[in-house]
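Per-chain numbering from 1; labels A, B, C, D and E assigned in written order.
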Amino acid sequence: MKKMLAIFERDIALAFRAGGGAINSVVFLALTVLIFALAVGPDRARLAASAAPILWTAATLAAMLSFDSIFQADFEDGSLDVLAEATESLGFVAVSKAAAHWVSALLPLILATPPLAVLLGLPAAAYFPLVISLAVATPALSLLGVLASALALSLRRASILMTILTAPLLTPAVIFGVAAANAGAENSPLFGPLLMLLAAFTLLFLIAMPLAAGAALRFNID
Amino acid sequence: MTDGTKPSAPAVEARDISLRRGGRTIVAGVTFAVNPGDLYLLHGPNGSGKTTLLRALAGFSRPACGSLKRAVGRTILLGYADAVKAAFTAKENIDFWGALYGAAPATVERAISQLRIFPFLNQRTGTLSSGQRRRLALCRVVISRRPIWLLDEPTAGMDAASVATAVDLIAGHCRSGGSAVVATHEALPFAGARTITLADAA
Amino acid sequence: MAFDLANPQRFEKLAARLVPLLTIASGVTALFGLYMALFDSPADYQQGDSVRIMYVHVPAAWMALLCYSTMAIASAIGFIFKHPLADVAAKSAAPIGAAFTFLALVTGSLWGKPMWGTWWAWDARLTSVLILFFLYIGYIALWNAIDDKIRAARLAAIVCLVGFINIPIIKFSVDWWNSLHQPASVLRAGGPTIHGSMLTPLILMGAAYALGFAALLLVSMRGELAERRIARLEQAGRPPSKATVA
Amino acid sequence: MKKMLAIFERDIALAFRAGGGAINSVVFLALTVLIFALAVGPDRARLAASAAPILWTAATLAAMLSFDSIFQADFEDGSLDVLAEATESLGFVAVSKAAAHWVSALLPLILATPPLAVLLGLPAAAYFPLVISLAVATPALSLLGVLASALALSLRRASILMTILTAPLLTPAVIFGVAAANAGAENSPLFGPLLMLLAAFTLLFLIAMPLAAGAALRFNID
Amino acid sequence: MTDGTKPSAPAVEARDISLRRGGRTIVAGVTFAVNPGDLYLLHGPNGSGKTTLLRALAGFSRPACGSLKRAVGRTILLGYADAVKAAFTAKENIDFWGALYGAAPATVERAISQLRIFPFLNQRTGTLSSGQRRRLALCRVVISRRPIWLLDEPTAGMDAASVATAVDLIAGHCRSGGSAVVATHEALPFAGARTITLADAA
């Protein structure tokens, strides 16, 4: 536990250091929204209609892009060996890393969503469901990211492969996430159940992913 | 688990192990045991498999055949990569290691002074010279207080004074009941060390 | 049986004998099936003759799922028992599965134009099959991206097993979401709801596809095994170093 | 010239190697389309309306994400020093790199656009203008990318900063690009002039960017 | 530009130069000239500025004061980073260098045989051992056929046989009218080398 905490704290510190990457995903989100808004042009109604989908798309993409960095730097500079040796359980390392990733990459993303939603002209009633659905679904993304990053280690810079491999696993979160956000916005009774489904998905990943990531790391360190 | 007390059985014991990489057998028929107090020098030409062997002893890869027994949590490997975070200062790196290995502040301070880290303690490690960074990397090994040190060219890039310090540290560690396996191309002045020589069959 | 197969030499012998048998069986079944499908079965009262795409589409879709399941089982065996033949089986099944998935997508798409008025819709069944296709591609790419066969096998097995989540999603997507695609009428609890005159050719075609899959799998496994033997021979030129302890 | 060709060929070879990244951007594009389509849901009309903007957004983002890699690997493994020393003119290195980047990262992107447009239900008349506008505008992106990547070298993994710096320079390309694509789709007489504008933009970058990138590299190598 | 013929004036000449890094002056008052045939050994403790000085001589950074004259396109630096593409085989790396420096096939082949690259010529360099990779890195210097070699710990991680080869190569290069500045902590057996020693003032 102490070791997990130490790793968590170190990762957070590194992420918020210059060149860290804590705000990378926020910038990416903002940029996507900006470019999309520019591309759609001045038609505000059309923009508002696409607001929830584009935010969800951008958030998912931002998360996926940050996966790469979860283990890469540690692998390259030899730190991953150190973590493996010091803890003798890569599963725990994976959990610490996922937690640090969520706090440093995805939490800022969630916080950045409401202001961007304003820019896109999303109706006010839709903010809260959007943020809640993101908050419930994103931990699953971090957990998935740990596996993706662990798998990609021996593939130097092969973010493609990682993307192909993770996309299938992440689509359920997107489908249910957007559905939940929409249901909430329309005050539909499905909002609760859909959130539960998202939560169940996150829990499933919480069990499966660290195990799988630990195994992947073990083979990649070899 | 991470203390320096003497274990009773050999903590690492290799019996006729072979190691493979990329479908090729790199080393074959390695047999030896690391007992408390043992110091092995690992010699051999480039590409003979020293690094490969050390990584197997550290538990990072499994032998293709033969038996390798190792007590979990007793070994520590110093590889080529210094495992130092470039964005952190030396101090921050050391503090992290302290937390990771649960080291007492006194241990940490002693290691800092022995390895003369002080002059660049608050410098970003990305800007250190190669020898300075190597000293910092060795600092981690000392801080870990694990009994079996597996060192892959620990003195690479160090100046004469630092080499002497490293040799003293390793010899001292073994005198006080620890043990070490040191892969090196240099003629390090260790008294009473045993050698493992890997010879290219080709 | 399992132990017989686990020995590569014995596997070689068995495969050499099975491949022609399976190929012939598959061809004959396919001929019968196609005859019945094209000439000896009724046009649908709603769909007309375009219903005949079904006999290509549905078995292809079944095989897409079956191949993946085969891969998952082989991967699990390879991961747990570390048997190279299981790794080879998983690796060899992937391109075949990808081809069947592609066929299901293309035929489905061709069928979709007359039936739903569009080639493609972002509906749960179609999307999840597309994702299955990506999964196959990713799996194949993973094998190709790693030189070390053992590491590649273990990592690919992890991917395959984790990706298995997608299979139930595909299978039950039509029941869970209200989808354009029609619900299961053959492989469903409570028995098939499709008429016998269509069912028989469909089953025949399914059998032909499955036999063909088995033949292709064996051929491709033999190829992979031969490749590995060659790689071993190439490496034999550089002997290992020997250790002396003094 | 021979040296420039050697560098170009090497970069292409590396990009198409396993773990290279030649198809990274295509995968990213496909993924964006996939996630966006899933997020929008089954409403085909709404999807078709957003087709051109989302494709342009995704293409721009894919290009920006590939910027990072232009010099990064060479910097880390010491090859950039070698290139600098061998050519003694970093501007030429930058030109080779931009060309290789366009061929390996952006050309596949352009080729992948039409099939994805089909999936999004873009009207057939709009394909050609979309592809043409991309083909004219993307070299500017590669040239910009060389500068961005050169600037980002000393900021390890600081894709944020790079993003912030390049976004303003790249918005004109997006705005005119989408405008050209739309004009072409609607058979408007503005199609030609807009394309010319895009081309002018690309030419401007062809002169300015290598110089700027060379200077940035010189400072970052020190 | 890339030939090995003798220049008439010193191709590199440093007069009382000081070098700064991160706001600190690392070395001050260095004066020397590299003439054809010269071999300098650059000594000094860790962090004394050997790497910094070599990079300045290679033209990668400018001295804060003093004058540094260097003929463009005549120097070649071998740094710590081996500048080898891990995804390429040794052969592919060498071919690229050949194209980059416009080297004749004969030059390339001689370098390959001198440095014993052959055993791993078609191996992905990401899987080479550290000494093998260092040998490959040195191969680039030979292939470049530039007259002034700036070598930063060229023999790091090399076995005894490879060190001897490297020493021979460097000595031979200087005998035939080239010159070299070699930063090293090892006692390399060069006959008639001059030394530049950087001493820590601290």
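The rule is short, and it goes like this: a contact is a pair of C-beta atoms (placed from the backbone, for glycine too) under 8 Å apart; a residue touches a chain by one contact, two chains touch by 3 or more.
Computed from a predicted model, the values in this text were never measured in an experiment.
**Student:** Have a look and report which chain pair racks up the highest count of C-beta pairs in contact.
**Tutor:** After tallying contacts for each pair, the winner is A-D.
**Student:** Which chain's C-alpha centroid is most distant from that of chain E?
**Tutor:** Centroid comparison gives C as the farthest chain from chain E.
**Student:** Report, in whole Å, the distance between the mean C-alpha point of chain C and the mean C-alpha point of chain D.
**Tutor:** A distance of 37 Å separates the two centres.
**Student:** Would you mind pulling out the distance in Å between where the CA atoms of chain A average out and where those of chain D do?
**Tutor:** For chain A versus chain D, the centre distance works out to 25 Å.
**Student:** If you average the Cα atoms of chain A and of chain C to get two centres, how far apart are those centres in Å?
**Tutor:** 32
**Student:** At least two partner chains per residue is the criterion; list those residues in chain D.
**Tutor:** Where chain D meets two or more other chains at a single residue, that happens at 18-20, 34, 38, 40-41, 156.
**Student:** Counting only residues that touch at least 2 other chains, which ones in chain B make the list?
**Tutor:** 21-22, 44, 80, 86-87, 202
**Student:** Which residues belonging to chain C are in contact with no fewer than two other chains?
**Tutor:** Expected reply: 127, 145, 147-148, 238.
**Student:** Along chain B, where are the residues that touch chain A in the complex?
**Tutor:** Result: residues 55, 58-62, 72-73, 75-77, 79-88, 92, 96-97, 99-102, 140, 144 of chain B touch chain A.
**Student:** In their complex, what parts of chain B are in touch with chain E?
**Tutor:** Interface residues on the chain B side: 21-22, 44-47, 51, 80, 119-120, 127-132, 135, 153, 156-163, 185-186, 202.
**Student:** Which positions of chain B touch chain C when the two form their complex?
**Tutor:** 18, 21-32, 40, 44, 48-49, 194-202
**Student:** Along chain D, where are the residues that touch chain C in the complex?
**Tutor:** Within the complex, chain D touches chain C at residues 18-19, 34, 37-38, 40-42, 44, 47, 118-119, 121.
**Student:** Can you check the complex and tell me which residues of chain A touch chain C?
**Tutor:** 147, 151, 154-155, 158, 160-161, 164-165, 167-169, 171-172, 175, 208, 212, 215-216, 219-220, 222
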